[in-house]
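Two complexes, one shared chain (chain A), two partners (chain B, chain C).
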Partner chain A sequence: MKKPFFKSDYGILLGLIVLIFVPPILVKSNMMNIYYISILIFVALNSMMAVGLNLLACHAGQISLGHAAFYGIGAYTSAILTAKLGCPVWLDVIAAMVLGGVIAWILGIPTLRLKGHYLAVATLGLGFIVYIVFNEWTGLTEGPSGIVEIPRLSIFGTVIKTDMQVYYLFWAFTIIAVLISINLIRSRVGRALRALHSSEVAASSMGINVINYKIKIFVLSAMFASLAGSLYAHYMTFISPTSFSLNFSIMLVTMIIVGGSESIWGAILGAALLTILKAMLGEFLGDYKDYDVVMYGLILMVVVIFLPTGLVGGLQMIAGKIRGMRESDEKT
Partner chain B sequence: MQDSFLEVKNLTIRFGGLVAVNDVSFGVEKGSVKAVIGPNGAGKTTVFNLLSGVYRPTSGQIKFKGKNIDRLAQHKVARLGLCRTFQNVQLFKNMSVLENAMVGCHNCFKSEFMSSIFRTPLMRREEKAIRDAAMSKLETVGLDKIADMRADSLPFGKQKALEIARALASNPDLLLLDEPAAGLNSAETIEIGGIIANLKKQGITILLVEHDMGLVMNISDEVVVLDYGKKISEGTPREVQNDPEVVAAYLGQDLEQNR
Partner chain C sequence: MSFFSQIVQYVLSGLVMGSSYALIALGYTIIYNGTNIINFAQGEFVVIGSLMMVTLTTVAGLPLLPAFFISVAVTVVVAFLLERLAVYPLRNSDGMTLIIVTIGASIFLRGISMFIWGKNAYALKHFSGDTPVEIMGATILPQSFWVFGITILCVVGLQLFYKHTLTGKAMLAAAINKTAARLMGINVENILMLSFILSGALGSVAGIIIAPITLARYDAGLILGLKGFCACVLGGLGSSTGAIVGGILLGVLESLGAGLISSGYKDAIAFVILLLVLFLKPQGLLPLKEMMMGQEKT
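Moving on, here comes the complex of A and B:
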């Protein structure tokens, strides 16, 4: 009754790792413009955040409408520590993750004690507060003009400069985040999370500390986003508040809904599709590129109405139907 | 003071103006099966919710194995070895039968976030132990053959049995069964009765709420009768059946006139 390896989560992860090596090969053989690598770098960052958000939303049943805030906290922590205070790189990455986690923890303690979707409202508020702080606390954040000259990451003295190097490094981080998530889902903790999502009262009567688990998974999810933000800052070497607005939080939620619930692969698929779409729309719409929000709204509506289980759910349904047809063919 | 396994003393809870449970006291002996019965709205499920920590009592005391549990959070009560099922089945619908039972084992194991993330050898060994323990509990209620099915795809009778298996998986000292036979046909009721009788043989203490009088009278050692939140009778099934106040409560006789 056991699933074959290539159908298990670890099998799919291996497939993803293999897939990561394809674009660089295409670029080398001149079949793909190097420009697309920079888009795939953002796919890596957004996937990491979407996977974290998926753990929170689809496994623990809590939604964060302010994940861009944690992305921003990660980015600004790294930027301020390295560009302004001269902190060595990597140390600031860890600091960014810790700070993101601590803020999530402080926010989670009062809100996750309550039953219902209070976390959504609280994170929405956090998103606004953080965005305002980035814009207004010019002494610390340089306000709307942003922080410049953020140093690049380096490994053993080698500065990670080219897009190709960044591509491999960021995807390595994303793979680790995915691996952590799979391990977590397939454990006592993961089952407890799914259980409390389904029935909090039954989960507690099995001895599960519901509040504690919800807080912890929110902290982990925020740490993923902070890490992505920190990496982003080191890649761009320049950050400004606009990247961390409410729009981006909504975009992240759209990614996990479009991709599909109950599966972290849906989160990655959604992240990839929307990130690539955003880049394409940016080219296509030109001066009107601010209207891309309309597209995301439309996509969200279409998916929620016609594919409530997202693309992954939809694909599974189609696969099931094909299998069913084949089986009935064999019978006749 | 007597050292009952579970000791409920002057238990009272008010919801606004409504006194749902009013000054109820009873005890449960270790290894016995006790039933709480009463007409609809008598406060039976509320008593269960108080015992398992879903509600905090307005006043009164609940002692379990010598410890006060009336102010404890739900998961802490569960950790002391008091586990329950629910009247309106509360299975984890999005999970398989086996996974439901595995969540039931939650209490008996320790792997937390860090060991799960790194899949430590200890955690892997625990995973295997959890799977085995859950499987053996499914066997006791006859669900081991369909362990891979989704919980919400089971027929209602099997869902009830799974609730019991899930509660059993935590190796409880006291098992609270909230209407295990409600909504079941007669064959399924007999099946559930058999399961409960088996548990009793294994020495598990059981407190149950049930409307099926045949089942109650068959398997319980003692019965408590509630009406409008008050205890109106307590004793062996035979004693309770012959108590005029109980008959009145069920049949709606006017007591005042008869006295």
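Moving on, here comes the complex of A and C:
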């Protein structure tokens, strides 16, 4: 049975692209505060990372508890190269992605060969080490005070200054990341793995190099996170270690769990919901905003226990039930 | 201070920290053997134990001994609730789901601790004075002896429990082969619950005995718990002897590294060791469940 176009991944992607143009129109017609655009910029960055994590969870059966490290590696590589060494912008973005990818590759080769959840453990360790290095290697990273005066990105001499320009640029990158992910899932190996219902034994006996595929996915997801970090540095023009702590890694995992780790769209939905929730809670709680962690812990537990397939899975289940009810109504 | 006494000093303070890592690591091991999950909320047991102790001794003015047992009991109740409400409903899910639910629980419990105790660090009274004792040119707090003593008591007690009680033997059996244990009439679900209770108790004891030296703070559990986990991987995940050896070794290496290399990178040492172990010897130093509690492979 062939799915109709609007239900296929490409159809949903088209829907997402259309949706991206809505907020700017709302802002132009004064129906939305421009402030919300800055939140949606973070939705783009977090979506990019969540899509990478989702690929890892869904197609490699692994979880990374240190993706904030790759985000940080991207941000610091860009900051150090441009603000301190005067490297031209964009070149540093590529360098950040390459570095993130290489580190993921080095980490992935030994750990992804092992059975069990050693990648989770290794990434957790990496996250801590990277965070401590950001704080302690003051000669390179300026320590806890962070790096300032990071130049903004520019395209053909036009500096990307306003939030609106950043918004379009970052979402363009996110769309590209989604496209790459869809193509990877639809590649020969991805299709085969899915067809075999991610049974590793079955897949290996079909001649699929499962480990290689897993490493590839992990490297790709790390590169997405590094790219997001690099873009983040150029957008904020200031970075400090606190943005790249374990809390953020767990926030990213929460995003894909809440949205549903079965599909890329769940990851984007989760990223959008949690980014907006964080901004809202930050405003609402004011001085007590540190207490928002209780919420995230609770959300994570409740979703895993009661809605193991996430929001997307839950919605599909409800839709299925309604359809079932309609069909039984028609029969009577 | 001569170089030699400096080394003695580092090793001694490493042994103290290492003892608490060993107890935390034992907690991980018990749950890992009972359920095959890595309980990332282990560090929160440590914090709840130590902060309860602080409240009971300073605010309620209780003497040490009753305060100690009440703190452990409270932590055990938390561990029990965690198992019943979050882990038990998911006992048939895959490993990833279980890891995530314990991470959620750990964030939640940390938030609750922050809510109750605030962000201050609390000093717990030393069990028997704080006049340092001198050994080979190095000084050591009397509390350290309490740490060593209670750690040894816990380890020996656990051994006796495993070897000489029916429940203990049932736990061992379930750890080695769940299906076979079930066929022998062992209620594996109860074992699951029991392993959380035991590891909650061990965690809180670790927190209480170390609190006079390191201070108790709502977020200390994160790093303590993770280091306990590093100790587990270093010793070999699933092996109790490995957990103890890994904990002590980690404590000493960390202390030496912090003293001789750089104290700023102190917390990174445990994780560098973790990565090195994963790269070079992922089965750990003392692998295999058969080595558990020093039992011979049969």
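By definition in this document, the second predicted complex is superposed on the first by the 326 of 332 C-alpha atoms of A that agree within 3 Å, B and C clash if a C-alpha of one lies under 4 Å from a C-alpha of the other, contacts with A are read in each partner's own complex, and residues count from 1 in each chain.
The working rule: a contact is a pair of C-beta atoms (placed from the backbone, for glycine too) under 8 Å apart; a residue touches a chain by one contact, two chains touch by 3 or more.
These figures come from a predicted structure and were not determined experimentally.
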For A:Leu220, using the defined touch cut-off, is the partner it touches chain B, chain C, both, or neither? Pick first, second, both or neither.
first
Of chain B and chain C, which one touches more of chain A's residues?
C
Return first, second, both or neither, reflecting whether A:Glu262 touches chain B, chain C, both chains, or no partner chain.
first
Contacts of A:Gly125 with chain B and chain C, given as first, second, both or neither:
second
Considering only the touch criterion stated at the top, classify A:Gly190 as touching first (chain B), second (chain C), both, or neither.
first
For A:Val210, select first, second, both or neither according to whether it touches chain B, chain C, the two together, or no partner.
first
Chain B versus chain C as contact partner of A:His117, first or second or both or neither:
second
Who does A:Val18 touch here: chain B (first), chain C (second), both, or neither?
neither
With the two structures laid over each other on chain A, which partner does A:Tyr296 touch: chain B (first), chain C (second), both, or neither?
second
Do chain B and chain C touch any of the same residues on chain A, and if so, which?
none
Mind pulling up the chain A residues that touch chain C in the complex?
57, 61-63, 65, 107, 110-111, 114, 116-118, 120-122, 124-126, 128-129, 132-133, 135-136, 246, 250, 253-254, 257, 290-291, 293-301, 304-305, 308
Using the touch definition from the top, list the residues of chain C that touch chain A in their complex.
38, 86, 89-90, 93-97, 99-101, 103-112, 114-115, 119, 222, 226, 229-230, 233, 262, 264-265, 267-268, 271-272, 274-275, 278-279, 282
Interface residues, chain A side, partner chain B - complex:
1, 180, 183-184, 187-192, 194-195, 197-199, 201-210, 216, 220, 262
Complex interface listing, chain B residues touching chain A
52-54, 73-75, 78-79, 83-84, 86, 90-95, 99, 102-104, 106-107, 109, 111-113, 116-119, 123, 126-127, 130, 148, 166-167, 170
